[in-house]
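We just call them A, B and C in the order they show up, numbering each chain from 1.
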Amino acid sequence: MLRPIARPLLAALLPLLLAALLVACKSDSGGSRTPTPAASAAPPDKVTFMAGFKPQANLPFVGAYVAKEKGFFAEQNLDVEIQHVNTPGDNFKFLGLGQVQFSTADAATVIERAGDDPPLGIVAVALIGQRGQQGFAVLADSGIETPVDWAGKRAGYKGSQPTPDFLAILNAVGVDPEDVGTVKVGFEPQILTEGQVDIFPVFLSNEPDTLSQLGYDVTVFEAAEFGAPTLGLTYVTTRDYLAQNPDIVLRFLKAALRGIEYARDNPDEAVDIVLQYAPQEDRDHMRFMLDTELGAAENDLTDENGIGWMTAEQWQELHDYLVEFGGIPAPLDDVSATYDDQFIQQAYKDGEMDWP
Amino acid sequence: MSQTLRSAAAYVLPPALTLIAAFAFWEFWVQWRDIAIIVVPPPSAVWERFVEDPEFFWREGGWTLYEATLGLLMGSAFAIALAVVMAHSRLAERALFPLAIVIKVTPIVAVAPVLVILFGFGTTPKIVVAALLSFFPMLVNAMTGFRDVNPGALEFMRSLRASPWQLFWKLRAPSALPYLFAALKVTYPLALIGAVVAEWFTGDRGLGLVIFVANSNLDTPTLFAAIGVLALTGVSLNVILSVAERRILFWHQTTRTVQ
Amino acid sequence: MAGAEHHVSLRGLTHVFRDGRRALPVDRQALTALADVTLDVAWGQFVSVIGPSGCGKSTLLRIVGGLLRPTSGEAKIDGAAPAAAQRRRDIGLVAQDPALLPWRSVLGNVRLPLEIDRAARDRPAPSPEELLELTGLAEFRSYYPHQLSGGMQQRVAIARALAFDPSLLLMDEPFGALDEISRASMRYELLRIWQTAPSGRKTVMFVTHSIPEAIALSDRVVVLSPRPGSVRAAIDVELPRPRTQEMERGAPFLDYADQLRNLLKEVPA
């Protein structure tokens, strides 16, 4: 006959047992060790790369996945742990606390974060997306052919207000923002397909394909098509880490960029690798995402200098654009504090990757 | 033998039939109103998706259940230990109860990233979230249970100069059991939800992550299938707890049917 | 063991209830449960205490049992304070609520006192099994309280109260929650137990508000006045033992009943 009295005793002991369990479970968050000069003989440096969203075929993520699986990180004597966040923006907390060393961020976000008080010290070290990743989708059969037709329609925005891209497009085609109804929306594209809004903000490499696979054809408008100097995803680290471990930053970047090059040249294999990290994703969709982002990663600048290249002009133009269209409340004192191009410069010699 | 079958049938058939009717209505409704699959999928599509790879759902569900269970154990252990202390000291109760309330009202959304920072990636932060959610209901019920003793029995044992220790083991602890079981029935589902939400925010495994990814891909059949597995898990837990309760609490009026 | 002249001796017992932390109301009369109770109970005597509701019968019993200290006056058991008898485990208590532990079997409940006080085991006392025999519960030892009727549960409570073979039994309306028929048979069951208990006649103080019950059971019936309770009268019941149910229809019994009824009806001075 079960003695009911033994149970509270067990229950009282359990906190101790489970506290011990927790201590054992606490995983290594992957801090770095100071690199020793003789790189080949020394044990690999442990760092953590945190992708800015769930596992998928965003190009900077792919670079890290491929670099890990194909051994590029190992060749650079790095032991890289790859993590993800589900809520965009959480990765900055981890960066700021030094729990992770590398992450990804949209270039505009890097500039926005630079205005924090006190700033997290986030610095972009490579510009993967040479064009912005956001666009605006309308249903193909909606009758909207150009943004001129946005007048009198309803547009959704995801943040706290319509984005600079939205206002820049209207400005370019001469439509008064007051003539377009705006409403705050969530992330569900059903809002567009069910007709709650006529114009819906999307990621160019993502929702248009998802929707089209489900039978909803969309037309997409990009601010860059209308002259906006938008920029896409970057690799980021912190100012402090960069100052203390420039060698590791360079080695990380070179391996990741080599991973992107490999993905460009072997897209099917790259998608296979992505699916290892994202088993729930659809193969074709991942391929679409990869192809789209590869397309946005290459332009004359990168053909000449290498993928990930960035110039002071690009950042300054983006900054001024954000100021003009309300993306940041006030100009930054020093735009150049948001990026550091020394690594990109060292990674390439005459437009070719300087490997290893 | 046929008596047990008949009573089992009487127990299972009404909810089963109701569910079947509900699903039939749902299927019909989606077709008739021509509802887009990315808004609400028909049950047939959900079932199809589930049957494609049931192992996937059970495996992920297993992770969520594991996190929820460990979290429940941990939260309950702390809650009961604290309740024992508070039952014997009003001062302790006054000092500690406000802290318990703070734990109760803290939203997971805010806490989840902090937990990952503290406990790393992996299952630990989800376990902690489940523990946090389990803590308060178990605490309140344990406290009430330890106090709600038969006054006649208490006086009788006191007349025999029973020590506080004896009073606790022989009287208070067994008296609290019905309360603890009642709390468990409420808390286990809470712990499940906590694990799912934690996985949503910081996931690398589990149904919470499945739901998150499916949602981001507009994959409603997977989304609903995952929810269905969660619901089934919750119901099964309830049944198991009820059965256990009836065996352990055979002496308590709540587990006896009206004669 | 029989040291003092009387087993239980009460002198000028007064008890005033203070209501927790709140200040005393102006009217002290309302909270005075007992006023100047003086009473002797002889060894081996069966004494009933009877009175209207609220007259302090239970309070009286609790003071005798050492559960309550009287505001003033004296209660002595075998010439010493009740606490001494309590420490010797020489007092058995049975209340209106049998207060059995529902998760324990009948045997488990009867064994409870021995588990709590292992030291008292060394005194010669009947084993739990013997107590079950005595109270007619032998075949129910594996039953649980929820499977027993109210009368049976009280039998278990009685067996439990006899665990240390006390020489004094205090019973506070033990049959109050039973139906009329069970009440009637239980009183004779109690008498049987009292008479056949191996180690000699125990002294019993039995609180009730049933006149027939008091007469059938007792050697002496003490009548308390309404609140504040004091001893209005005491009647010796000189019916032969062993008592039987038939006696309840006889003239002597009915006479006593009349006497008691009149005593209870009288308006206090």
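The working rule: a residue touches a chain if its C-beta (ideal position, glycine included) is under 8 Å from a C-beta of that chain, and two chains touch if they have at least 3 such contacts.
All values reported here derive from a predicted model rather than from experimental measurement.
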item: Dominant interface by contact count, named by its two chains; value: A-B
item: Taking each chain's C-alpha mean as its centre, the one farthest from chain B; value: C
item: Identity of the most central chain, Cα criterion; value: B
item: Chain centre separation in whole Å, for chain C relative to chain B (CA means); value: 49
item: Length of the line joining the C-alpha centres of chain A and chain B, rounded to whole Å; value: 37
item: Inter-centroid spacing, chain C versus chain A (mean Cα positions, whole Å); value: 83
item: Where chain C touches two or more other chains, by residue; value: 103
item: Multi-partner residues of chain B (at least 2 other chains); value: 170, 174, 177
item: Shared interface positions of chain A, touching two or more other chains; value: 4
item: Contacting residues of chain C [partner chain B, same complex]; value: 65-67, 86-87, 89, 91, 93, 95, 97-103, 112-113, 115-117, 144-146
item: Contact set on chain A toward chain B in their complex; value: 2, 4-5, 7-8, 11-15, 18, 21-22, 25-29, 54, 83-87, 90, 93-94, 97, 99, 187-190, 193-194, 210-211, 214, 278, 280-282, 285
item: Touching residues on chain B, where the partner in the complex is chain A; value: 36-39, 70, 73-74, 76-78, 80-81, 84, 113, 116-117, 119-124, 127-128, 169-170, 173-174, 176-177, 200-204, 209-210, 212-218, 222, 247-248
item: Partner chain C, residues of chain B touching it in the complex; value: 150-153, 155-162, 166, 170-171, 174, 177, 250-253, 256
